[in-house]
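For reference, the structures are reproduced in the following blocks.
Note that chain A is present in both complexes that follow, paired respectively with chain B and with chain C.
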Partner chain A sequence: MMVRWLVRRVLAIVPTLFGVSIIGFFLMRQVPGDPATALLGFEASSDAVSALQARLHVDQSWPVQYFAWIASLLQGDFGRSLQTGRPVGEMLAQSFAPTALLAVSALGVSLAFAIPAGVVAATHPRSAADRLLTLIGIVAQSMPAFWLGVLLILGLSVGLHILPSSGYISPVVSLWGCAMHLISPMLTLAAGLAAANMRTVRSAVRQVLSADFMRTAKAKGLSRAAIVWHHGLGNAAMPIVTVISLQFGQLLSGVVVAETLFDWPGIGKLVVEAVFARDYPVVEAVVLCTAAVFVAIGLATDALYAAVDPRVRLP
Partner chain B sequence: MRTADPTNGNLAGNEQSETSARRAIIGGGVVGVVVVLAVFGAAMVPYDANLPDFDHLLAAPSLAHPLGTDDLGRDVLSRLIVGAQASVWVGFIAVLTATVVGTTAGIVAAWLGGAVDAVIIAAVNIVLAFPGLLLALSLTVVLGPGLGVVAASQAIVNLPLIVRTARGRALLIRQMPYVEARRALGFSEFNIMRRTILPNSLAPVIVQASLIFANSVIAESYLSFLGLGVQPPTPTWGTMLRGSIGFLDRAPWIATFAGLSIFLTVLGFNLIGDALHDSLQERDI
Partner chain C sequence: MTIAAVYRSAAVAAALIWSTSTFAAPPDPDTLIVGIASDPVTLDPGLMASYFEVAVQFNVHEALVSQRPDLSLEPGLASYECPDPTTYDFKLRPGLTFHDGTPIDAAAAKFNLDRLLDPATGSPRRPELEPIDSVTVTGPLTFEVKLKHPFAPLLQILALRAGMLISPTALKALGPDFAAHAVGAGPYKVVSWTKNSELVLERFDGYWRGPAPIKRIVFRPMPDETVRLMNLRSGALQLVDSVPAQSLSNVTGDPTLALKQTSGLGFNAFSFNTTRPPFSDRDVRRAFTLAVDRSVIQHAVYFDTATIAYGAIPPGAAWAYDPAFAPLKTDLPAARALLAKTGLALPIAVSLTVTNDLAQVRAAEILQAQAARAGFKVDIQRTDLTSLITLLKRRTFDLAISPWSGRSDPDGNLFGFFTRSGSANFSGYSSPSVDDLLQKGRTALDLTTRARLYRQAEAEIAEDAPVLFLAFPAMLQAADASLDWIQYPDGALHLGFARYK
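On to the complex of A and B.
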């Protein structure tokens, strides 16, 4: 039952990814200007330009280019960057670690704040703490991420000189240096997430607290803390996981901005530079990979739901 | 959904709606000011927003220039006022397009079902899987930077939200007895869709619309900040913030006030959205 459900869900993804790949591919082909000319400069001879066009396959028809691209994608080959000539897969792999470090730490910090804060707000509705947290939530959600980043640079780097204003140091090179460089971009990214997550935790826990089994738990004589943390948060976990899984898009937008502002060599900076350089293969690969990750996260959430709650598996 | 305690249920409800009303008033006030500035601001500005003044480069806030000047000596206050236009325009076009197209598609999908529903849902899933900012970036590169492209990309990115909201609501409403009653009275399907389903589906769509407006204001500033939005010298809050990065240590006021404008506008729309959400949630279908 579970396996059949899973197979059906995985098959349903194929047309979505196909659609995304087609849109991504044809969108980038609409970009005015020719990549060969862009690479060689306007003084290049027409012979050199057409030779490069042939080498990049950009002189062939679009369907041919598309299927050639898909065929090599299926073999794990993302093509070569028009800008640097390096394999796109290699560039993606290199940018992945800094982005993962930034995104995962930001998500972690946001949850470390959101879960306790959300539970406090939910268990003390309309209290001063609830009001204050709600206010902080609305303010943090309305704060454009890059402005927060600019304020952090102004305060912590320009003003107090305690943090570097930009750049990246690999944790392999220096754990301390990496952490110092990580703080500002991570906070930039985490603030909005923390606010959104706190509101989710609050409403999910509040909804669970009014459920019948909570009254039973209370009647059993369990302590308030045990009721809230075990029964309350445990049962509120699934809606919280769902909302967090849907945050991937927000996380990615934040990553693009934070990486650009703080000169962080991740996927976001890679794609913005590729967009400016009209480096099709890089942009296409990033779009397709992020879409695949997004869809995979959705599938994983659904599967988790289906494993927990058999009703979901019904057609 | 709320506590079923009869003694304080009413009290809590009153307090809740008071908070909602307060939020709506504050949010509405902020948004009202921004819209007025966007419409009439160009005629009210103390200085020409694009006129350089090389005698007053990066001047700190003073009586003559309440919010200081930028690296070309242009008055920051005047540029902020004129910059409201871009944000409001992008938000307005994005919201209008997304709600009109999205509500229609959502209701049609719910009403016709079958293949039409399947196609619309498939399209929504594709747009949803496309990372929002990447779609905006790609569109901007393809069509060239500009306000129209930013608005279009925001309309597309937010479309799935409206389609899903309207479709879900319409599915719920078509099962209501009053829809059945209208059918029994012999009203045409189109008439029921337009006169009964549409107006009753609008409430949650309106809540989403205010959030889309907030998102679009942020997206416009993101894209301008990345250099892909409106091109200089036209002032927008995002381009001002971008331009200020090089002078953060010497002229922090530019970044501060430009960011503050974006923040307050987005806050205004979020407050309105919250208040609408709370008050509409109470109402029956």
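On to the complex of A and C.
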């Protein structure tokens, strides 16, 4: 039963990704300009532009370009960047680790703050602590990531000189250097997430705390800590997991801002540059891979539910 | 752990980070990290077409002719003679090699020039080298360039990308990968290039002027100007290729930084679309131009660092520049009278396109307000650079920004913009008389004659007002105060001359 469910869900991914590939492909070509114009700039003659267009094969009709792209994609080849000539697969692979590191650590830090803070706010509603946390949450959530990032650079890098203002060092090269470079972009990304997650935890835990079985637990003589942390948070976990898995999209747009601001060589920076350069194969590959990760996370979340809660498995 | 203990350990950790911090340390004397606005597109000088390679090109490559910071010329890889107006004899310095050890000889020089002239290469350099008829090897180190007609800017052009020699062996071996691993003859050779991250160069010991003082150069692209400047202030960078005028006080107020400023070669201008109404009417263009008060833009956009522009010849080209030239100066009544004469219904609705660049948007807003007083209703449209270029080339705009990074010879600022087939003639301007003047300016050889021709062309263009000139922005660059380096008016970084004090 479980296996069949899984197979069906995995097969359903194929048309989704196919649709994304078509939308990504044609949407990008709706943007004015083409790679040759972007590469050659203001001074190029129209002869030079059309010569380059022919060399890059972007002068062919869209369906021809699309099928050529899909055909090589099915053989596992993402093609080459029109801007740099490098294999797109290699560029993606290189950018993936920095982005994963940034996104996962930001998510981790946001949860490390949001879960205790949310539980405290839920168990002490309308207390001073709850009000303060709500205020912090509103500020953190409404502060644009770009602005927070600039403040961090000004304060920690320009003012105090305790953190580097930009760049990335691989953890393989230097764990310490990597951590130092990670802090500011991670905080930039984590602030908004932490605030949103805290509010989710707060409302989920509050809802569970008012449920009947909590009174039962209390009547059984369980300690308050056991009630809140074990029964309360445990039962509130489902909605929290749902919200976190849905946050992937927000995380990704945040990554674009944080990477651009802190010169972090990840997927976000790659795709921004590629859009401006009309580097079609790179944009399309990033869109497709992002969609695949998005779908995979959705699937993993559902599988998690299915494992925990048999009701989800029913059609 | 009690709350107090948490605070105590946090304080210890903070102190530890503070004391072990290496980010405030003085720069590594062997390394120079440069923040640039955009990654180079290619390192192949024959294919470079954007302004973005200017910061990098002179470090990896060396040209036949060399340009001094005052724009005068001296021998570079080769000395030159001009026995008659259509013949140039070049003699290469003996015993030199490219970064890969390939000798720099006359055959390599001919290979390079022929490559740029070959239409199959698709080089953006071909139009400017078009006057070359043939390149002939006359000895192991000597070659002759024969021109179809006299062409005054030739040596200037050969001091820039068109004159930069690359190793023929490396080009053949690397093929399309050459763009990422260029092998030239400049003071630095390419070690590695991670696109959008860093370009690492290392000193080339065989450089003809002798090894450069600084061992290693790293270029880091940072498109956001605020971010770039903050990284300079934090010490992560030692040099930035450009400083926006609105951030100048951040640099001048910081004793660890040093600002360099010189009048640039480029201009900031808006092209009128002369191929469709309403700006197909010369009087409408003139009225718009008369409504503009450039001093407001000079003050609010350039913070008084630029020079007000009425034409394309920049103050940097001192022999041709005329400081008194100021046609169609602000005159609101005259602008209104001209519009009334056209009989068009007021206000005249026009679109004005700029990129999202802060200075451009601000200039656009000022133009919008000023033109409104004469009877224009300006709709500002913001777009990205590639969309802007596309719109300019397709002429699907009314008025659009068309800045120019500038060339040391006025020919480079005028010919492409105002001749009928010019590659930057976005306005669709067409004047046989101006075509003729600019063509003569190319072929005349003495500077007095050329200056007269260019000034006359500039005056005729101003009467027709196909382009609204606003300013010649100053070249503003900043570095760590401990860095000793030379600024060039075109913004190019010649880091072979840089050293730490």
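Operating definition for what follows: the second predicted complex is superposed on the first by the 287 of 315 C-alpha atoms of A that agree within 3 Å, B and C clash if a C-alpha of one lies under 4 Å from a C-alpha of the other, contacts with A are read in each partner's own complex, and residues count from 1 in each chain.
Convention: a contact is a pair of C-beta atoms (placed from the backbone, for glycine too) under 8 Å apart; a residue touches a chain by one contact, two chains touch by 3 or more.
The model shown is predicted, which means the values in this text are computed figures rather than measured ones.
When the two complexes are overlaid on their common chain A, residue A:L175 makes contact with neither chain B nor chain C. With both structures placed on the common chain, the touch criterion links A:T37 to chain C but leaves chain B unconnected.
Contacts of A:S46 after superposition: chain C is touched, whereas chain B is not reached. Contact with chain C, but none with chain B, is seen for A:L163 once the two complexes are overlaid on the shared chain. By the touch criterion defined above, A:L154 reaches both chain B and chain C. In the superposition on chain A, A:A300 makes contact with neither chain B nor chain C. Applying the stated contact rule after C-alpha superposition, one finds that A:K269 touches chain C and leaves chain B untouched.
By the touch criterion defined above, A:R278 lies against chain B and chain C together after alignment on the C-alpha atoms of chain A. Contact with neither chain B nor chain C is seen for A:V7 once the two complexes are overlaid on the shared chain.
Chain A uses residues 31-32, 150, 153-154, 158, 260-261, 276, 278 to touch chain B in one structure and chain C in the other.
If you check the complex, the residues on chain C that touch chain A are 17-18, 21, 23-24, 39, 41-42, 49-51, 119, 122-124, 126-127, 176-177, 179-180, 194-197, 220-224, 226-227, 230-231, 233-236, 383-387, 389-393, 402-404, 416, 423-424.
Within the complex formed with chain B, the chain A residues making contact are 15-17, 19-20, 23-24, 27-28, 30-32, 126, 138-139, 141-144, 146-147, 150-151, 153-154, 158, 207, 210, 249, 252-253, 256-257, 260-261, 271-272, 275-276, 278, 283, 286-287, 290-291, 294-295.
For chain A in complex with chain C, the residues that touch the partner chain are 31-34, 37-49, 51-52, 55, 81, 83-86, 91, 94, 150, 153-154, 157-158, 160-168, 180, 260-263, 265, 269-270, 273, 276-278. Looking at the complex, you find that chain B touches chain A at residues 1-4, 12, 15, 122-123, 125-126, 128-134, 137-144, 214, 218, 221-222, 225-228, 241, 244-245, 248-249, 252, 255-256, 258-259, 262-263, 266-267, 270-271, 274.
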